[in-house]
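Look for chain A in each of the two complexes below; its partner is chain B in the first and chain C in the second.
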Partner chain A sequence: MKDFPHASEGAAIGIDGLGIRFGHHDVISDLSLDILPGEFLVLLGPSGCGKSTLLNAVAGLIDVHAGTISISGRDVTRAEPKDRGIGMVFQSYALYPRMSVAQNMGFGLRVGGMAKAEIAERVQRTAKFLQLESLLGRRPADLSGGQRQRVAIGRALVRDAEVFLFDEPLSNLDAQLRADLRVEIKRLHQSLGSTMLYVTHDQVEAMTLADRIVVMKGGEIQQIGAPAEIYGRPANLFVAGFLGTPKMNFLEGDVAAESGRRMFRAEGLRLDVTGMLLDNPDFAGPATLGLRPEDLSPAGPGEEAPLAGEVTLTEPLGPETIVWAALGAGQVSLRMGAENFPAPGDRLHIRPDLARASLFDRATGRRL
Partner chain B sequence: MDGNRLIGRAGLWAFTGLAALFFLLPLYVMVATSLKTMPEVRDSSIFALPLAPTIGPWVEAWSHACSGQVCEGLKAGFWNSVIITVPSVLLSVLIGAVNGYALALWRARFAEAMFAIMLVGAFIPYQLFIYPLALSFSAVGLNSSLPGVILVHVIFGMPVTTLIFRNFYSGIPVDLMNAARVDGAGFWRIFGEVILPMSTPIIVVAVILQATGIWNDYLFGLIFAGREHQPMTVQLMGLVNTRMGERPYNVHMAATLLTGIVPLAIYLLSGRWFVRGIAAGAVKG
Partner chain C sequence: MATLAGKLPFRPGGAAVALWPAWIIVLCAYLGTMVWTVAVSLTPSKLVPVMQFAGTHQYERLFKTARWMTSVENMLVFGALFIAASMVLGTLMAIALDRKIAAEGVVRTIWLYPYSLSFIVTGVVWQWMMNPSLGIQKSVNAMGWENFRFDWVTDPDRALYAVVLAAVWQSAGLVMALMLAGLRGIDEDLWKAIRVDGIPVWRGYVSIILPVLRPVMVTAVVLLGIAVVKSYDLVVAMTNGGPGMATDVPAKFIMDFLFVRANVGFASGAATVMLVAVAAAIAPWIYAVYLRKR
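What follows is the complex of A and B.
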């Protein structure tokens, strides 16, 4: 997959003050986002968060009511989809059912008035690159789901676009194929260097593919950042709860200063959180402490263990085991090894890694 | 099979058999009578098989029977019906397909309102329109002409064909349209190269409905076609009502069968497609 002769480098995408309205309902208002040339940006969020709407606006498939969109520095807010230099891959593949694979891939070039011989050559080259050569004469109905989506990727690729837009391209595939194609898309990005804007509700796809993730909810951007940053330092309770399986453990209590130390207090629990780096170190009041399952570990004999509870359930996953325990302050999950994990009913002493914990203002949901 | 089920089965067969007989009997009487000579028609029961079958009445009906003053049989009417039906069907199906495509797949402004108006048009009895339409046609010189009657058929066929195509196209995923737009295709290109090739089953349904409806039409043909272009149904009416002495029932039966043979053939030949088209939803990509 190394040597696809690709003419265009990735283009920057600028979205400035974007507003999208369906009827009288604002789906997106005043949204701004800059995507770097060659970047793999993932729009992540639950259904209805506006991520597909944003993608369709970049594609030019829906009307924008305020703001501007530029690609490669060129204002394309009112441009037709074909004039934006984009290739797009859809969740339902959207292959033309009565055309062969080759015709599907060449349709856009033919509409653009390219000579037959050149179309054939480009289709051939792209098919070779995606290992679709043996399928060129087939109809979409004769292909498997994974093959269909590869053809759809080929159709976007053949047009030599600067920007690729993916609208949940793997959601209709089964788990194994999804994992395979995910890797293929990542390789594709590495070898093309094009800008890719990728919409998904699947956090694994987001974490594995993205240079940066944009987490959205209710038409608003919640956080923008590298996968590790989004995962490690979520900006608010929504982002913290949306990423990670099992979910981040939330303990509800309050933060107060006690004789020069900052303490987090919850039912049956007092934690010294002075060492946590906070953006808002003077905060006092109702707060939520967020701890990832991998940041909780069982305390060895003699070790200090501020949390204690009873194991209620274990989920052995093969390489690791999820252990659920009931604390006074609520139910928590721990990520533990494949062996030597406790059994339901066991008493468990737990040590939190506070350096990796998150604290949120319960009133606003924001990270402290 | 136990006794109860056997009885149930027998009842079922008896009922369907009776129903089939009920519908087939008139057809049998017509075919039998059309193959008899007039003396035989007079003397035998209408249910009797022809003793000496003859195609004489069919020849008579096709080329010699009198409709009013003209005694040239139904053949002129047959060809008139063909030249009325073919363009009317093609145009009304094509326009219905374009309308349905525009209404279902392009979020045109006021699309719902336009569709509602069209449906109202489809449900108002069309006899109401005849007088104003005849007046308008005569004002623009379209009365009693071939284009006039074709236009009437196209106008009155359009609501139903639009409805059929709109419902079929509503099942096409919007992603397919979006993909074609990203590929740079416009309204007509998407219609011609993506949508129309997917439409075979529903085109068959629309063609069958329109072809049988227009072929069987009597009223529009009588009013709008004029003397030279009278369709077969109008000529048949004239033929059956023309009276000189004894009523030639054998010729009437043959003439009626000749008139009905086209829709009958369409149904028989395309029945499989028809059912498939009605049952078909959107074509899965």
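What follows is the complex of A and C.
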């Protein structure tokens, strides 16, 4: 996007040994994270996991107790928010209610002492890029949710922000609008190429928007990786359970070597898991087997089916159906087609796709 | 609408019955007495009401009465200064509390405390404090500053400002409480946006936050305005309208002629003028807020 030279270059964010303390309580301690230029990085986690705190620290809105933050190679740990080259989009968008769209975008520049003609030109250029030209005279209250989001982004763009920080911008919108605005943000990232740091507790937003996802819990990073990696090879039980709807099925049992084969044994269940690629192939002991609902399928006639149970509930969703079945080792869900799914009470033989399964050490919760 | 009526937990007829006591009070107590006052103002009534038409006689007399004109003028000066000072002071106090100063609970209580007093008590206390032979002036003189003067209550040119001072002391806390509630309702993200935009805090208040609180400010001004129109107790307790007519106000004028001077028709005329004046002042506002741009 040649209109916004800074944006297209992107800017890396470096977080090194960060510590944030509220009173005597450490919210985040010794956290390090590098965000690449032009990357769309999503901080994902349940509420209270420290993701918003981390974002606010990058913005300079809360004080850092230890460590450094740098943006575009410049140490900004102690810099004021306005001097960090950032733009921030908030959950409520936080537009200035009594000002027009043009004033919303230009007010920061005006206070900063920029010449009126220059402000007008920048606002005009940004409005054109964001298709807000016809709305410049309107008040925020007269705008739709999508338009408000664009104004919030425009307010950052006029200031030549190199980095965009999003603080759960879609959280209080209805489902349809959320889906529309998600697409709009993604499109914007593609055309601007700026670095974007995005906080959400919504896994769908994280999966669809991110180049990389950082899953957080209790102020600590659980896993960093591309969406497919986070989903397919979760690093621990928390990540495995947090992503995916319905949740990953967990079967509790133990792993033991039996005459050269690696076996997973649970109540009424013996699975040969020798073929699974494990980081820790010599492990033996209590373990949890994780299987995504789509990695379980009903066995055809004559096929070997190590799992068997009774269907308890079906949830037809339109394109697919979630089938719940009670096994000896617990309740599992299966993702099945829109048609020809079993009815509650039916006996179901299930074949797991072990190549896509995950095994976790039950003691530490870590992936094996 | 038919479906809505079906969903109500009571029949609309029942609601109308339940509202009748309120309607009776409004019609008899408020509107009835208003109409009666206007009627009496058109009679030559003295000690007791006499229902005999006398045209605009009382009104002609009223506007030839110097004391009435002075009291109206006093009310306007008092009102303008009192409302402006209370708004500014109350808003500044609210902002100070909003900036999370230490011991907020204590400070807030102290600042709101005067409002819990009756205007009579406020008036008496300030009258004592400002009485040159009893209060502040005497104490300061006794400490050695012999030439110190603080005798506003007894100075005809300054007595009105003394009343303003006491009234502001009493009412600024109310504005503070209203504005603080408004400020606490401001989305925290708005402040973050202001910081990210590099807007200084004072500028944030002036250009962004206070404009959002305009409805709260209108409420505060209306409440203060009502206090101005009915200002009577404070004046009676502090200066009793004096020295001379220096602090006389319309409400006191009306009360004097109703109950002391036994001139019911004349007082009713003055009361009617007040009613019309207030209605004229409020009408454009009601029009602007409720009737326009619907």
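A few comments on the model shown:
Operating definition for what follows: the second predicted complex is superposed on the first by the 360 of 368 C-alpha atoms of A that agree within 3 Å, B and C clash if a C-alpha of one lies under 4 Å from a C-alpha of the other, contacts with A are read in each partner's own complex, and residues count from 1 in each chain.
In the analysis below, a residue touches a chain if its C-beta (ideal position, glycine included) is under 8 Å from a C-beta of that chain, and two chains touch if they have at least 3 such contacts.
This is a predicted model, so every value here is computed, not measured.
Superposition note: with chain A as the common reference, chain B and chain C are in steric clash.
After overlaying the two complexes on the shared chain, residue contacts for A:K82 are found with chain B and with chain C alike. Shared-chain residue A:L61: touches chain B and chain C both. When the two complexes are overlaid on their common chain A, residue A:G108 makes contact with chain B and with chain C alike. After overlaying the two complexes on the shared chain, residue contacts for A:Y231 are found with neither chain B nor chain C.
Using the contact criterion defined above for the overlaid structures, shared-chain residue A:Q91 touches chain B and also reaches chain C.
Residues 56, 59-61, 80-82, 86-88, 90-99, 107-108, 111-112, 155, 159, 167 of chain A touch chain B in one complex and chain C in the other. Contact residues on chain A toward chain B in their complex (touch as defined above): 56, 59-61, 80-82, 86-88, 90-99, 107-108, 111-112, 140-141, 148, 152, 155, 159, 167.
Across the interface of their complex, chain A is touched by residues 187, 189-190, 192-193, 195-200, 203, 207-208, 211-212, 214 of chain C.
Residues of chain B that touch chain A in their complex: 173, 175-176, 178-185, 189, 193-194, 197-198, 283-285. Interface of chain A with chain C (complex): residues 56, 59-61, 80-83, 86-88, 90-99, 107-108, 111-112, 155-156, 159, 167.
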